[in-house]
Each structure stands twice: as C-alpha cells, then as structure tokens.
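Chain IDs A, B and C follow the sequence of writing; residue 1 opens each chain.
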C-alpha cells in the first residue's frame, strides 16, 4: 500500500509518480466535504436535535411508556432473530465451504437474494401469506392467531432482511481458512462436533462475531419491512425505528431524535466494534498465511 | 500384515489418480511412497488414513477391514505436509488434543495427559517449548510437534505426508536421521510420502515407487537401486546414463564392454559408479574427453563429453572415489577410455 | 486442493440450510408470484400502466440512477484519498464510511430531512444561495440515495486500489507517460470494473430504499412518490392485487440486478486474476 504524506511526498517520490499538490488537496477536500455533509453532519444533528430542549426533556421522552415498550420490542426481536440467523449462517457456510455439490452457486445467489429485495417487499410477502386477506389469513383468524400487526410478523420480516448477514461473512472466510486443521482434528480422533467447537469456531470467531454484529445492527434498526407488518400500534407493535417515525410524524421532534440517538449510538458502537473485529481478523489471516508460507 | 491394500482405485474427474493398487506392508516397517508429483502417492496415503474415500478396493489395518470406517476409528497418526498445528492452541494443547477428545470413558485424566504430553515432548526433544504457540516455532520444531501430536494417541500406523518437504536443506538432513532412529525406538509401522529419492533411500526400510497411479516396484533401498525393474525406476532413482543400442556406434560400445551382438534389451542404463575411467593409450582414437568434474564429498563426479556420433555431443557421467581420481591425474580436456562394469537392460 | 469427502455433517448442514431458505425466503416469495398469477393479464397491465404507478417508477429509477452515478464519482474520489493519501483523521473517516450500513434508515431519514429541509442548516443556505429546494422534492430523494449508496462504491473500490500494483504506474512513468496519461491508461482501466460494480450495488439498493427516503421525499403523488411507498399505500387501501403486481416487478428487477452484479463481480475477479 502506498500511503503518501502530502508534506513529504515531493522528496519521497519523484513528481511523475505522485499527484501534484493541488490535485491531492482538491481530492482530499472533496472527500472531506462529502464525508462531512453526508456522514458527520447527520450524526451530529441527531445529538443536537435530541438535546435541543435540554437533558431532562431528552431523558423524560425516553422514559415514556411507549418509548420503553418500543425498546423492549426491539431487544426481543433481536434476541430471537440474531441466534436463528447465526445458526443458519453457520450451517450454510459449513455446507458451502466444506463440500462440493451441484447447484452450489445457485444456493449462494439465493442466500444473497434478501439483500437486494426492497424491504417493503420483505414485509409484503408475509402480509400476502398471513394477512387478513392472505393465504392463511382466514385459518389464522379462526384459531385466533395473530401474525401480521403483531410480534411474530415483525420477527419474520426481520428474519428475512437479516437472512444473509452471517452466512455471507462466513462462507468466504471458511473457504480461505481451508479444512486442513479440521482434518487434523478428525485424524486425531475428534468427533464432528468436537472438531467444530474446538477447531472451527476458534478459527472463525472474529468473522462470526462480525456477522452477528452486523446482523444485530440490522435487526434492531430495520424499518421498511417491519413497517409493513407492524401496524404501528403504539406500545404494542412499534419497534424503536417505528417509534422514531411515529414521533416525528406527530411533530414530537425531541422524542423522535431521543429515540434516534439511541439507534445512532448503536450504529456508532457497531462501527467501532466492527473496525476492531476487522483488524483482529486481518491479523489472524495474516498469521495463517505466514504459517502456510513457511 | 500391518497394512494391506487390495485393488485400490481412485479417479478425480477424468484423471486416474490410482489404478488398482495392491500392497502389503508388514509390521514395524518404515516405508517410503516415492514418486514424482501427481503420481498418486499422497492420495494413497490419504486413502489409508481415511481422509479420502477410494472409488473401489479395500483397506485393511492389522487384518481388519477399515474401508468404511471414518478416520477417527482407524487408530492412525497422520502428520500433514504443512504440519497443520492448531494455531489457537499452545504446543502442549496441540499434543494433548487427541487425548482430550477421546470419549469420556477412555479419556485419561489431566495428570495422565500431562505426563503423556511431557514424555512425548521429551521424546521429540522440545520440552522447553510446551507453552509456545505454533507461530513462534521454527519449521523443524513444528514438524516434531506435529509428530508428537500424532503419536499421542498411540496409533497403530503412522502416516507422514511429505514430512520434510517444507524444511530447509540442513534441517531436513538432521530430521531424516532423527526420524529413522525414532522409528527404531518406537517400532510403529510407518509410511511416508516423498518425491525425493535420496530421502527415501536414506530413511526407509522399504520403498514403494509409484508412477501414474501404479506401483512400479517395491523393495529395500538397495534392491530398488541395484535391481531396478523398469526403465522408470532406473531413471528416477539415482543418476543413470542411457544408451540406445540400435542407433549407437557399435564399435565404440564394444570397446566399453557392452555386449552388442546379442543385447539383453533395447536400452542399457549404466550407473555413474559402474563406469570406470582410464587414461587412454590411443588419444587420437577416443571420442571421449573430460569436460569438467565436481566434488561430491567422498567421490568425484566426472562430466565426460563424447563427441562425434551423429554430429552431436553427449554427456556421460561417471563417479569414482577421490583417491582413484587423484591417482589418475586427469586434466580437463584429456582423452579417456571407458569401461562399463555393469548395465541394466530394458525394452 | 480437492474437497475432502470425510468432513462430517454434510446432510444435516445442507438440509437445514435448504429448509430455512425455503421457509423464510422461497415460499414467501413464491406466494407473491402465485398472488400475481390470480390476476388476468389485462388487470396486471392496467395496474402497471396507471399514470401514478408509472410516475413512481420514473421517480424511483431516475433518482436511484442519478444518485448512484454521483455516489460512484464521489465514492471513487474518497476511496482514492483513503488508499493513496495520508491526512489527519483518516482512520476515523475510513470507519465512518460504513455509517449508512449501520445507521437505521429511519434515523437517516429524519436527520437528512432536518438538515436539507428549506429551514434546515444546509437546506436554508442552499435555498438562499442558489434558490434550490432540496427536501420534499425529487432532489431530496437523490440526496438520501447518495447517502445510502456511498459506502457501496467506496467499499468496492478500496480493496482493488489497495491491491493495485503501483509498479505499473512506475512502469508507465518509465516509458514516458505523464501523470494524467498514467491515470487514464493504467489506473482507470483497473478500477473501472469496481466502480461499475459499486454503481450497480448502489443503484440496486437505491431503487428499493424506503426508510431514508420517505421523510425527505415529500411523497407527492406524480412528483416525489417512490415505488416502495406506493406499495405500502396500496396495502393500506387493501389493494393487495395492486401492491403485489408492483412488488413482483420490483422483485424481478432485484433478481436481474443481483445476477448482473454477480456477473460484474465475476468479471472483476477474472480481470484482477489476469492482471
């Protein structure tokens, strides 16, 4: 990687190989302006708007029963969806990265599909199945089971949008690590599960945590898909992002931004941990490659 | 028989990796599977281990058919080419792994495991490394730890895939002898894969030469070297001079002692040490002169140029002890006469 | 290295993967297909050629296309600076690039609306300076989608630039090329596939984006109404057929985009492998 310090580059490299000073400063200026306008300013705005009327208004709007209910529902949704998506991701990665079979590429494409489907469609498909006019609607209402405009619908929609998160982190990682250590463990008499927990998991742990982290961020922050299936019932089926919307549309800006600040905090924590995990995983892979090269 | 293979075949797509292999290996041998890359030797080793399934044929270990047994039930120790130590475990934990994953009933307690691991570390002479991680070891140390790890489960067969392939030349020399001595001490039936004929000769008690998925020859190192049964084995093991009788100069061949009138085959292979070199009495008539020579330690290798025949020059290699070379007092460019003491004939 | 056949757990792992895939993704998606099949072709055609629907498609596609193009340019510049130059705070800026991935779209939506509305910090300034209103106009949608698309472009180009062998630039210079010629002939051809892939990813995401757009869009039918919002509106009016028909078109589009992005990435890998 050739990172060059603007102030020294004239000596470090001949001019023909380096961009002239005005090119460098113009490009850096464009970058910083873009990052400032689109990334930093929005982040700052959340905090400023949330505390526009002081700390006490901020904290009391978070202590409102509806806000608390939204937080609880968001945590519950994440607590259900993240483990399921993780188990799915691990088993998909095991099947795809460790075995050859027909239709593997199609399977990988299908796993990626929820990424490119509009979140609104993710909600719509469950309404078509479980909604009052859906396929199973009459049967469900006969048996007094509520899925749409209730928590199960929210969980299902979240499962859909978080579907690829863990799998697509693990598949390339496990392919890169290879299966030699697992073979070694099997040759020493370890069972399949022993091999998985004692060898595979320690080797993929940073990548796994990375996938879980991003999955969690999406599960807690999903808006479009959840919005379609939730019905926006205050205190019952509003997740935190939906609570932000409802408050905002009711001109309760402090309330909206107070809830938004929690989600923004979650995003920042996610970014920090993500950067750390990326660093860790890079180190691990580097060590592995060195070991293989020697 | 400790290991016995019957009719093993394996195909990768259109590529025939192994073609009807039959092999018996008696208890306590140290066998080298020798062959060029792509000859199927590693695949055969992995099939014995159960890391690969043969398309057909059976594997017997100690008389028991294990063809359908998974690797964990075969009681083998496998040393991988790149060692494949578990990177997240210390040396101690690596060696203890096989013991700790045993079913609870057979699993030794922690004290027994500690004793066992330390005795193995002692055996491979690396006691002081027990709390290091694999990244902190040299290649030779990793290799010995990998061996200790494989031995911890007291395998009935030890399988080593190119055990010295990834090591520096000097470390390799040491480890070869060490492995041979270790084998004497433990007497575990062992098979190792190598593409290096010198390594196979030096370490093993039996050599199996493989080529294109078939066994070319099986025998002790001296049998393989002194009585090669095929053109391939003769060329692959040690250096060889090849004479095609038909298109060669019969008068000259006769002068070297090769029987031309009633040849035993189409080509004659002659080892360098089976050629004796003499100063010629008639320098004007000899097509062979000394081009160069190299010191190989106890012997000297002579690079002889033979000009003339068909307008092209060919190189013939001969070897003789240092002293003899000194006595001859040859100089570069001197004409010499050759005597061929022994040749292997092939069709 | 051939895949080993001795690894345990193939059947359960693949079995569970397929079962879960069918349950969460495939069966629900085919439910949508079946629902559409209940419509006659005429009905289907009527729904799609309705002027409000057509306009919303135009708005969604137009905004996503412009935003992806802008994001591709800005993102390339940012990736270039992050890889090639050293400047204070670079690590933090680099980490911040992923904010649109991590920030819930609803939060992004209300924040962008607050900043760019006619009375907002930037919106007011732009209004006074050049008389252009950003929020509650189609331009607002473009702004929200630039925000969403930016990380896709940066994160696709960054690794390519990092692996790019600057010896090629040196070779070009040694052959007498000036900096601009080196850029046009050496660097650009090498990062172009990544830039196009990033553009396609940003576009695909932008077309379906909902949360960050609806607060800033103004949602005026025939002007600034996006397709996802129209689907929700139809659902709220219990027009399931309408919602489904529009949804199916969106779904097919996602599929096509996904396949072309896969193709692009394959092309990119092949190129990088060759170079």
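Rule of thumb we're sticking to: a residue touches a chain if its C-beta (ideal position, glycine included) is under 8 Å from a C-beta of that chain, and two chains touch if they have at least 3 such contacts.
Source: prediction; values computed, not measured.
**Q** Between B-C and A-C, name the chain pair that shares the greater number of C-beta pairs in contact.
**A** A-C
**Q** Which chain is most remote from chain B in terms of Cα centres?
**A** Between chain B and the rest, the longest centre separation is with C.
**Q** Whose Cα centre is nearest the centre of all Cα atoms in view?
**A** Nearest to the common C-alpha centre lies chain A.
**Q** How far is the middle of chain A from the middle of chain B, if each middle is the mean of its Cα atoms, in Å?
**A** So the centroids are 54 Å from each other.
**Q** What whole-number Å value describes the gap between the mean CA coordinates of chain B and chain C?
**A** Chain centres of chain B and chain C, defined by C-alpha means, are spaced 58 Å apart.
**Q** How many angstrom between the C-alpha centroids of chain C and chain A?
**A** Computed from C-alpha means, the inter-chain centre distance equals 16 Å.
**Q** Can you list the chain A residues in contact with two or more other chains?
**A** 183, 186, 191
**Q** By residue number and range, which residues of chain C touch two or more other chains?
**A** Only 4, 6, 8 qualify.
**Q** Scan chain B for residues touching two or more other chains and write them down.
**A** 50-51, 70-71
**Q** Can you name the residues of chain B that touch chain C in the complex?
**A** Those in contact with chain C are residues 12, 50-53, 70-71.
**Q** Sort out for me which residues of chain C touch chain A in the complex.
**A** It comes out as residues 1, 3-4, 6-10, 12-14, 16-18, 20-21, 24-29, 31-32, 35, 74, 77-78, 80-87, 93, 95-112, 114-115, 121-122, 146-147, 150, 162, 166, 169-170, 173, 178-179, 204-205, 207-211, 215, 227-229, 231-232, 235, 238, 240, 243-244, 247, 250-251, 254-255, 257-259, 261-262.
**Q** Spell out the part of chain B that touches chain A in their complex, as residue ranges.
**A** 49-51, 70-72, 76-78, 80, 82, 84-88, 97-98, 101-102, 134-135, 139, 149-150, 152-153, 166
**Q** Flag every residue of chain C that touches chain B in the complex, lowest number first.
**A** 2, 4-6, 8
**Q** Sort out for me which residues of chain A touch chain B in the complex.
**A** Residues 180-181, 183-191, 194, 198-199, 202-203, 284, 287-288, 290-292, 294 of chain A touch chain B in their complex.
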